[in-house]
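Before any comments, here is the structure.
Going by the order they are written in, the chains are A, B, C and D; count residues from 1 in each one.
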Amino acid sequence: MILARRVAAEGLGSSLLSATVIGSGVMAERLAAGNDAVALLANTGATVAALALLIALLGPVSGAHFNPVVSLVLAFKNKLAWRELPAYVVAQFAGCCAGAIAAHAMFALPLIEQATKVRTGSAQLLSELIATAGLLFVVLGHRRSRDAPWMIASWIGAAYWFTASTSFANPAITLARSLSDTFAGIRPVDVLPFIAAQLVGAMSGALLAQLVFRHSHSQSTAPAASRNPLSAIRPKERA
Amino acid sequence: MILARRVAAEGLGSSLLSATVIGSGVMAERLAAGNDAVALLANTGATVAALALLIALLGPVSGAHFNPVVSLVLAFKNKLAWRELPAYVVAQFAGCCAGAIAAHAMFALPLIEQATKVRTGSAQLLSELIATAGLLFVVLGHRRSRDAPWMIASWIGAAYWFTASTSFANPAITLARSLSDTFAGIRPVDVLPFIAAQLVGAMSGALLAQLVFRHSHSQSTAPAASRNPLSAIRPKERA
Amino acid sequence: MILARRVAAEGLGSSLLSATVIGSGVMAERLAAGNDAVALLANTGATVAALALLIALLGPVSGAHFNPVVSLVLAFKNKLAWRELPAYVVAQFAGCCAGAIAAHAMFALPLIEQATKVRTGSAQLLSELIATAGLLFVVLGHRRSRDAPWMIASWIGAAYWFTASTSFANPAITLARSLSDTFAGIRPVDVLPFIAAQLVGAMSGALLAQLVFRHSHSQSTAPAASRNPLSAIRPKERA
Amino acid sequence: MILARRVAAEGLGSSLLSATVIGSGVMAERLAAGNDAVALLANTGATVAALALLIALLGPVSGAHFNPVVSLVLAFKNKLAWRELPAYVVAQFAGCCAGAIAAHAMFALPLIEQATKVRTGSAQLLSELIATAGLLFVVLGHRRSRDAPWMIASWIGAAYWFTASTSFANPAITLARSLSDTFAGIRPVDVLPFIAAQLVGAMSGALLAQLVFRHSHSQSTAPAASRNPLSAIRPKERA
């Protein structure tokens, strides 16, 4: 029952995030009159706002991962029960795909499309690796859960611009974007390499976080609950 | 007397919000040289800044609804007295219309115009439904009243871009925008369908919030006053 | 001695604010290739960032008015000693003019110019009145001094767009902008009407704040120091 | 061992900051279709987001200087041990250069280039002096370490626009940008004058901070640890 509500929160948050990414891309491309920098600025602003908001809103319920590689790393860290991981991941993939469909419905597009935007090559994959490594570095390294919304959103917002791939950094969003032949789209054939790069990046970021933050935390005199930046993900322990 | 001041705050806040939405649209369209994405970026930025500010400033006085469907849902939730609802709603509609007039005066336009911008079709109405559902989901789901300003403003800012309707999500603003033949306008004939979609959306968002947040709150050990994210709307109880 | 440091802080903050407003206008106009909406977006972003920062940084020293009509209203409210008002106002005017000169030096322009940008007419003056009224409404109405930076900056940022005058709302900045024949300039002949409108606006905003916020504050059970949103302006009382 | 982790944090943070500055410049220039104002807006947004995030994330570990002149001034202020200064500075220079290489790799550019962008003349050097003076003024003057991220990022974001040089304000970033023949580049021959101006600016800013903030702090009744805005830089003393 508790798990059901948490999974619902993951699915709902994932769908709103995905609808924001894809829908704002459609709107931006329609209005930007060919200036892709303006379109990406709008796309970035909408994504950052929605991501920060959804983490603040749903973090206390489900942890607000919205991202299979985040859930996977947290399972390795014993911050998410392994038995709950499959439900989280399914909700994330299903939610992101539902968000793509919702965005298409709002813009009167076919509900499911096949993306044609080419995103391939080692530079793109290196971009995804670095973007996802940084995401996990921030997720595992921040100190206060109330800072998670703006810190994680800031990383993604910056990475939209400083990586060549515009920083998908999320397998569920990547799959959903393959269903949309719009500004945010990605060819289905490019999805698996992106997800592989994201997995390698997530593991790299987790290792880096362990290297940089471990000792610092172990010296802290704060109680374990407040020391753990991700303690919010298991709300039932707080009751 | 107390009610009078709260209603004045609702009316004043609604008028400043409406003047911002409409006035910044005029300025943006005049300057943007035909690039509607740049115009909407400016319109979004001004709206988000004003909305967050007004919620922080007037929330402690009146609750800072500025929106009839928000007041309606809060009446259902016993967070606004039913007998006070009419005064709130009248102040919101009157305030938003006054804001439109003020914006026109500042830009040397006829004080009242008849909008000609077509906003019709099921995609637009679905957009309003989703935008308003999300708004109520955030209003009812956030945990700390000090986070309400940025969370609500972030939702609206994102929804300006990821919905096809640019997210009016407010019957009073919708009516006021029908009085302005500018960037933010909407044909009078399109107003009622928008409001209907907003009503359905508001109810859907409230139901969703009950589903996702109810148990979580009931398990909390915090006192009721701090648990209720909208407790600020009844300042007289705090005195 | 204490007053000297506070006046130095007012002068320094005013000069940095003015340099930001004028300098970012020069940069934006040079780069924007004729798209004034993009230029004003950049001008707004820089102004908002500098204003929020300077209020947070210098508020604890001098109150961070940077604006003669703010100091005047606070003198009426007994939050600034009348005998200190002249030093504050002189520092604000001198600081803003120094900031204009610094901006010109950084962009290799003549250190002092005579602006030629026409800003006249009743719509412009109404814009200044509303912008300044709102500024005082926010200055007097916010509850926690730590919120002043973002709330005041948000008002100014929004008013850059929803008023026809781009919201000078400050006599010292207005005078300084008359010394700059750039994006932010204003003809010397238009300065006095702007300042008159700002004075009327400031008084209107102060009255409005008294109407909306007075009772609310008098019912509060909080101690006087924390109730007063501008208590930061007299740091010596805190020692 | 402790020093090693702090130095690693400085190097990693410097590299991510540098990759953001340079990478987002490449992306922005590619997409902006010749509108340099739009490109600089995107470059500013990415820089501000990454800088704020990295200060919040790594400040508790190393102090998050990422800047040799900041470390130098803090050594003068006895807030960084002189014997640790060389390691900090080497990590900052090496990190920033590694970030440039990473950005080039992500955008499939030659890993090291020779910049050709001319940045010379007294106006540019005055800009660097003022930008760096302001940076140190903010670093030394802010009161709460949790405000450092947004305050420092706001200064840099504003200074990107109100200075003619776009505010490098950092010798390590300056050197790294000389390795990139892109939007953010600087000719190698222009590097040393920039660094000299930054050094003079840093000292000026430190003197100014001592003038404006000293007495204010000495009157405070707060304990030394919370009074010192940079106490975060020596985490081992907190354990």
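Quick notes on this structure:
Methods note: a contact is a pair of C-beta atoms (placed from the backbone, for glycine too) under 8 Å apart; a residue touches a chain by one contact, two chains touch by 3 or more.
In this text the structure is predicted, and so the values were computed from the model without any measurement.
Common neighbours of chain C and chain D (chains touching each): not present.
For the copy pair chain B and chain C, the superposing rotation over Cα atoms measures out at 90 degrees to the nearest 5. The greatest centre-to-centre gap from chain A, using C-alpha centroids, is found for C.
Under half of the residue numbers at the interface between copies chain A and chain D are found on both sides, making the touching surfaces mostly different.
Here the CA centre of chain A is 28 Å from the CA centre of chain B. Centre-to-centre, using mean CA coordinates, chain A is 40 Å away from chain C.
Within chain D, residues 35, 38, 41 each touch two or more of the remaining chains.
Two chains count as a pair here when they touch; such pairs are A-B, A-D, B-C, C-D. Listing the residues of chain D that touch chain A in their complex gives 1-2, 5, 8-9, 12, 16, 19-24, 27-28, 31-33, 35, 38-39, 41-43, 45-47, 49-50, 52-53, 56-58, 60-61, 102-103, 105-108, 235-236, 239. Those residues of chain B that touch chain A in the shared complex are 34-38, 40-41, 44, 48, 121-123, 126-127, 130, 134, 137-138, 141-143, 147, 150-151, 154-155, 157-158, 160-164, 208, 211-213, 215-216, 219-221.
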